[in-house]
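Same chain, two partners: chain A is paired with chain B first, then with chain C.
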Partner chain A sequence: MKRRYRQMNWFYLPALLVMLLFVAYPFLQTAQISLMRWNGYGKVRTFIGLDNYISMFKDANFFLSFRNTLIYGICCTLLQNVFGLALALLVNSRFKGNGLVRTIVYMPIMIAGVVMGYIMYFFLTFNRGILNDILLVFGVQPRDWLSSPFYAVLFITLINSWQYVGNSMVMYLAGLQNIPTAYYEAAAVDGVSTWQGFRHITLPLLIPSIQTCVITNLIGSLKLFDVIVSLTNGGPGHSSQSLATYITNRYFVAEKAGYAAAIGVFTFFFIMILSNVLNRYFAKKEVQY
Partner chain B sequence: MTQQVKISQKNNTFLRKNQWWKYALSLLIIVIYLLPIYAVIMMAFKSPQDLSSRLSMPKELYLGSFEKALDSGNLLNALKNTAIITIGVILIEVIAGCMAAYPLARNHAKFNKFVMNVVLSMMMVPALSIVVGMYSLLVSLHGISTYWGIILVTAAFGLPLSIFLYRNFITAIPESLDEAAAIDGASTLQTFFHVILPQLAPVTVSVIIMKGIGAWNEFAFSLYVLQKSKMYNITLTIKQFFSETSTDLNAAAAGALIAILPTIIVYLVLQKYFVQGTLDSAVKG
Partner chain C sequence: MKKVLALVLTLVLAFGCTSAFAAASIEVETTYTDANLDVVTEIAKAFTAETGIEVELIAPGSEYETVMKTRMSSGDLPDVWETHGWAVKRYSEYLASLNDQPWVSRMDPSAASIVTAEDGTIYGCNLTQSMGGCIYNIDVLTEAGVDPAAIHSLQDFYDACEKIKAIGKVPVYIGGKDSGNCAGFMAAIASAMLTAKGNKYDQGAALLDGSFDWETYGTYVMQEVANMVNNGYINTDFTTADTMAQCTAVGAGDCGFLWRHAQNITWARQYVPDANLGFMPYPSFSGEGMAFMAGEAYCLGINKETEKKEEAAKYLEFVSRPENIEKMCRATGALPGFTDVTVEGDYAIDAFRKAQEMYADVVEYTNLFDRQYFPNGMWGVMGESITMVVMDPTETGIAAAVENLKVNYQEKKEADGK
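What follows is the complex of A and B.
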């Protein structure tokens, strides 16, 4: 059997080749380029040591992108989990049409993030924007939402959360359906209120679902790219830029490949370390009844 | 017995009376979720001269925007490109994915645990963090604006999830089946092809659906890898519609509608597989 096991390892070959060539090797290349000054296409690459990293920590736009990335990551995660759980509780309760709600809330996930950004553009433009039309009914003056840094970041956060909340809903729904109803029956006999039941039965037993949802949402929204490109392209100025869009902006627009690579390396380690820490934190929290 | 029936009926009416808020809330949610799609449909069927609110129904059905989208925008070609790319990505992720998953599920040596950790952490890699190395690699391999370039790049980032899904599924197949095949003299390859492979249909559906939608909607890499307009996929074509100032927004809406229809129809038909796929792909650390 042992020989068979060793033979089996040959099965890794195709997948490993693809991933080594197109993920591992580009990562090493990126790390190497991050130590150089290079415009991205020319023959001249100058080794400059850690200069790119030093200028990164002096670049206000880098910190702006980093701050936005954290806002997108944290706010989207919060919104998607709170509303995902609320939607799951609603859909899990028995009433006619709960299946329809589930179907429709999950549907926007099918639409590409870029396309969703452009669709939302119809809502947010100053000229004939649908949001302005709706707000006018309530007497709110029309405004150009996407020209304000605050609203640009706010709407990117809201649109991304709105589009992908269905994922959390589905995961929480599965979690809720795994909780034996006997617990609730026993609690009802003891006269436990709905809130207490939620707080002391539902929530603790949902921790595995919460863990999965928080990590997938956080990692997903820290990588946010598509909807930013189509809705604001990082603007106004650099004010809605995420790390992902800022990297590509530095590389393809500013032609600072070395600098873009340095931000890339930073982003890479930031997300890898964060996801590891989170996994460990949640692993300690799991409850068993 | 009669008493019980009475009680449950009473319960029922009680519940119904108190459920109006669920219907109201559901209605609100449905409106919020359908509004953007509704707006796109309205705009697509309106003539550009119709300057009424974007939410109002068109006065007459106008199909010119669709004509314009299909003619000027290179849209049919983009659909073809996207289909080729999606099929290519799925083929690699299914074949290489289930192969790599087999030793991961069966072999528990140190090396395999190491590979598993690599696969799990690769699922977290932010794709654009390595765009500099990726792009310069593709330039030196002459992979810019080629099908194989975008297919391999997309597949490389999708493979970890596909391996993870197959590995979980194969772990649940009893190992005694492999052993029985080994006793009958089957080689490792034969065992894989005749014992494992025939059982993988359900998880393959999940992989095809989840990764297929991802590849169909791919944008971040396509934006840089597919530079010639005749190689554009759907998302790039839609971007082109919207960024060309000469194009009117109604034609762009028509194009967007054509782009999102296939995925929405597939979803409505195969809904339960999408839900299953979402649950299967949940990574637990």
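What follows is the complex of A and C.
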């Protein structure tokens, strides 16, 4: 038996090697760079200890990016899950045009995030923007929507949530279709209302789907990059930067690779701890049937 | 039988993976996209037809600098790449010397000087030159009653801005979403105030030796930008407008001026084909001189560690033939960097030639401000600082922008070891 287990171990070796090569090794390199002063391409690297980390905690733009990252992470996750579940419940019922609704909701995922950002940029831009042109027809003066930090963050959140809500819908739909109908039938005999059925049967049995959706949406939104770059480029100023875009900005624009790496290390640990906490929380909520 | 088959297949695979039977090829990284890339591709195909050497073109578009920095840091540079304004300052430690190449003597002295290091080593084949200046919409200036030939000093320029503002147009348009547009603007203002002929404070030497007083002179420069914002000379959608927006604005007559290189004229006419545009050098503080800022446009260098140096050199020789340079100039609106190339009938180049005549008595040609006076890596910082001032044109915003410039200038100067 032990020999058989030993043989089984070989099966996960390729995955382990890939993880070591593409996750562990780059991470260790990033951690090493975070202790250096380096422009990101030159041959001279100077060891400066923890100076980059100290600078990070003194940098107002870092905290702004961190705050935005939390907004993108929490708000996008909430919106995607609430609307994803609602849409899954809708398309799980029988009605004419069900397939069309699924296709329309899922379609935005097929567009690359960066392309979606540019499409929305042309929609929201001040001069010749589609939204302003429409508003002008109704006598509303054009407005430079993305020049306001509030609207910039709001539009990024809404666009990202809308683009990926189809993903949550599909995951919840799979979860809903796995719930045995016998539970609902028994509940109906007992006179349980629709809301009570949803609250006491559907939700508890959907915990594995909720866990998967929340964790994947949260990690995706915390790493949000492409829509921000194409829609606002982190602006106005640094007002809509996420940690991911700020890392790129510091690395390639400010040419401070060591500093960018320090933010990268912080982001890695932040997302890892948050994911673990959420995983443990949902594991406790899981029910067996 | 199976073993023999396996052995044969293994050998075929092994040979397939080697370059033993592969045609000679070189990897060339280019900044160009769209129609400009078509011309680069056409030239590369003609090169392959003549020499049998394949050219693998890589065009990362707007991510060019990012990709090149990544490739530099990972030691994975292509055989030939566009130096994009950085032949000496950024890429020289990775580039081969080109002093012995047959085309060197044909390079225009001003184009050659940009790609030549202090020790005389030539690092780039500067096929076309980028020329920074003020692009203006002729119709807007006519409507506002502004004579561009009468603009020499910053004050003349501000007077023109007032007239343009009076007819309800934006005097100066900057696509601030793209950091390079802001950096280019700062380079022009700083040059007019600090270093160009007719400047006010004559700080070139101090900038070079590191004794530059940022609190005093840096503040003067940023105050000048803040004044332009406070006087309503800059577009209100500065932070969200991109390069396409700024080119469309000047082409469509939404604004009077664009402070950027002449290729923007070509791009503006791609968006607005009947755009009526002119070009002039940057005004100086006193008006005593005016400056065109020359830089690399289509400039190629060879990786000093490539094993295909001979093939790469042949490629540069081919691309530098007059007919190929002319094609690039026509496609991009850049000026030829070689003395034996003349381009007639190109809108952007003709506008530049007219400006040369119009300002013949005052014009001078300078290198890009940051390439000459700043340590390596300040371009992005300049863009960021201009954005800070435009977003907050008060004393606080100016002080923050000056501090940002000062800290980065000192850090990068120290890192450069100069």
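Rule of thumb we're sticking to: the second predicted complex is superposed on the first by the 254 of 289 C-alpha atoms of A that agree within 3 Å, B and C clash if a C-alpha of one lies under 4 Å from a C-alpha of the other, contacts with A are read in each partner's own complex, and residues count from 1 in each chain.
By definition in this document, a contact is a pair of C-beta atoms (placed from the backbone, for glycine too) under 8 Å apart; a residue touches a chain by one contact, two chains touch by 3 or more.
The structure presented is a predicted model; accordingly, all values stated were derived computationally and were not measured.
*Asks:* Quick one: on chain A, after the overlay, do chain B and chain C clash, or do they fit? Just give me the call.
*Replies:* Because the two structures are overlaid on the shared chain, the partners are seen to clash.
*Asks:* Going by the contact rule set out at the top, does A:237 touch chain B (first), chain C (second), both, or neither?
*Replies:* second
*Asks:* For chain A, which side has the bigger count of touched residues, chain B or chain C?
*Replies:* Of the two chains, more chain A residues are contacted by B.
*Asks:* For A:43, decide between first (touching chain B), second (touching chain C), both and neither.
*Replies:* Second partner only.
*Asks:* Return first, second, both or neither, reflecting whether A:282 touches chain B, chain C, both chains, or no partner chain.
*Replies:* Only chain B; A:282 stays clear of chain C.
*Asks:* So, does A:182 touch the first partner chain B, the second partner chain C, both, or neither?
*Replies:* After superposition on chain A, A:182 lies in contact with neither partner.
*Asks:* Just chain B (first), just chain C (second), both, or neither: which does A:128 touch?
*Replies:* It touches chain B and chain C both.
*Asks:* Given the touch rule stated above, what does A:147 touch, chain B (first), chain C (second), both, or neither?
*Replies:* In the superposition, A:147 touches chain C alone.
*Asks:* With both complexes overlaid on chain A, does A:257 touch chain B (first), chain C (second), both or neither?
*Replies:* A:257 contacts both chain B and chain C.
*Asks:* Looking at A:137, would you say it contacts chain B, chain C, both, or neither? Reply first, second, both or neither.
*Replies:* neither
*Asks:* With the two structures fitted on A, what stretch of chain C runs into chain B, 57-65, 219-227 or 273-281?
*Replies:* In the superposed model, chain C runs into chain B at 57-65.
*Asks:* From the superposed pair, tell me which chain A residues show up as contacts to chain B and also as contacts to chain C.
*Replies:* 40-41, 121, 128, 248, 251-252, 257
*Asks:* Given the complex with chain A, which residues does chain C contribute to the contact?
*Replies:* Of all residues in chain C, those touching chain A are 65-66, 68-70, 72-73, 90, 93, 176-179, 236-242, 245, 248-249, 254, 376-377, 380-381, 383-384, 387-388, 391, 408, 411-412, 415, 417.
*Asks:* Hey, which residues of chain A end up touching chain C in the complex?
*Replies:* 37, 39-44, 46, 121, 125-128, 144-147, 232-233, 235-237, 248, 251-255, 257
*Asks:* So in the complex, the part of chain A that touches chain B is made up of which residues?
*Replies:* 1, 4-5, 7-9, 11-16, 18-19, 21-23, 25-34, 40-41, 87, 90, 93, 95, 97-98, 100-101, 103-116, 118-123, 128, 130, 133, 162, 167, 170-171, 174, 208, 211-212, 215-216, 219, 222-223, 225-226, 229-230, 243-244, 247-248, 251-252, 257, 260-261, 264-265, 267-268, 271-272, 275-276, 278-280, 282-283
*Asks:* Under the stated contact criterion, what part of chain B meets chain A in this complex?
*Replies:* Touching chain A from chain B are residues 19, 22-23, 25-26, 29-30, 32-37, 39-40, 43, 51, 53-55, 92, 95-97, 99-100, 102-103, 106-107, 109, 111-112, 115, 121-122, 124-137, 139, 152-153, 155-157, 159-160, 163, 179, 182, 188, 192, 213, 216-217, 219-220, 223-224, 234-235, 238-239, 242, 249, 252-253, 256, 259-260, 263-264, 266-268, 271, 274-275, 278-279, 282-285.
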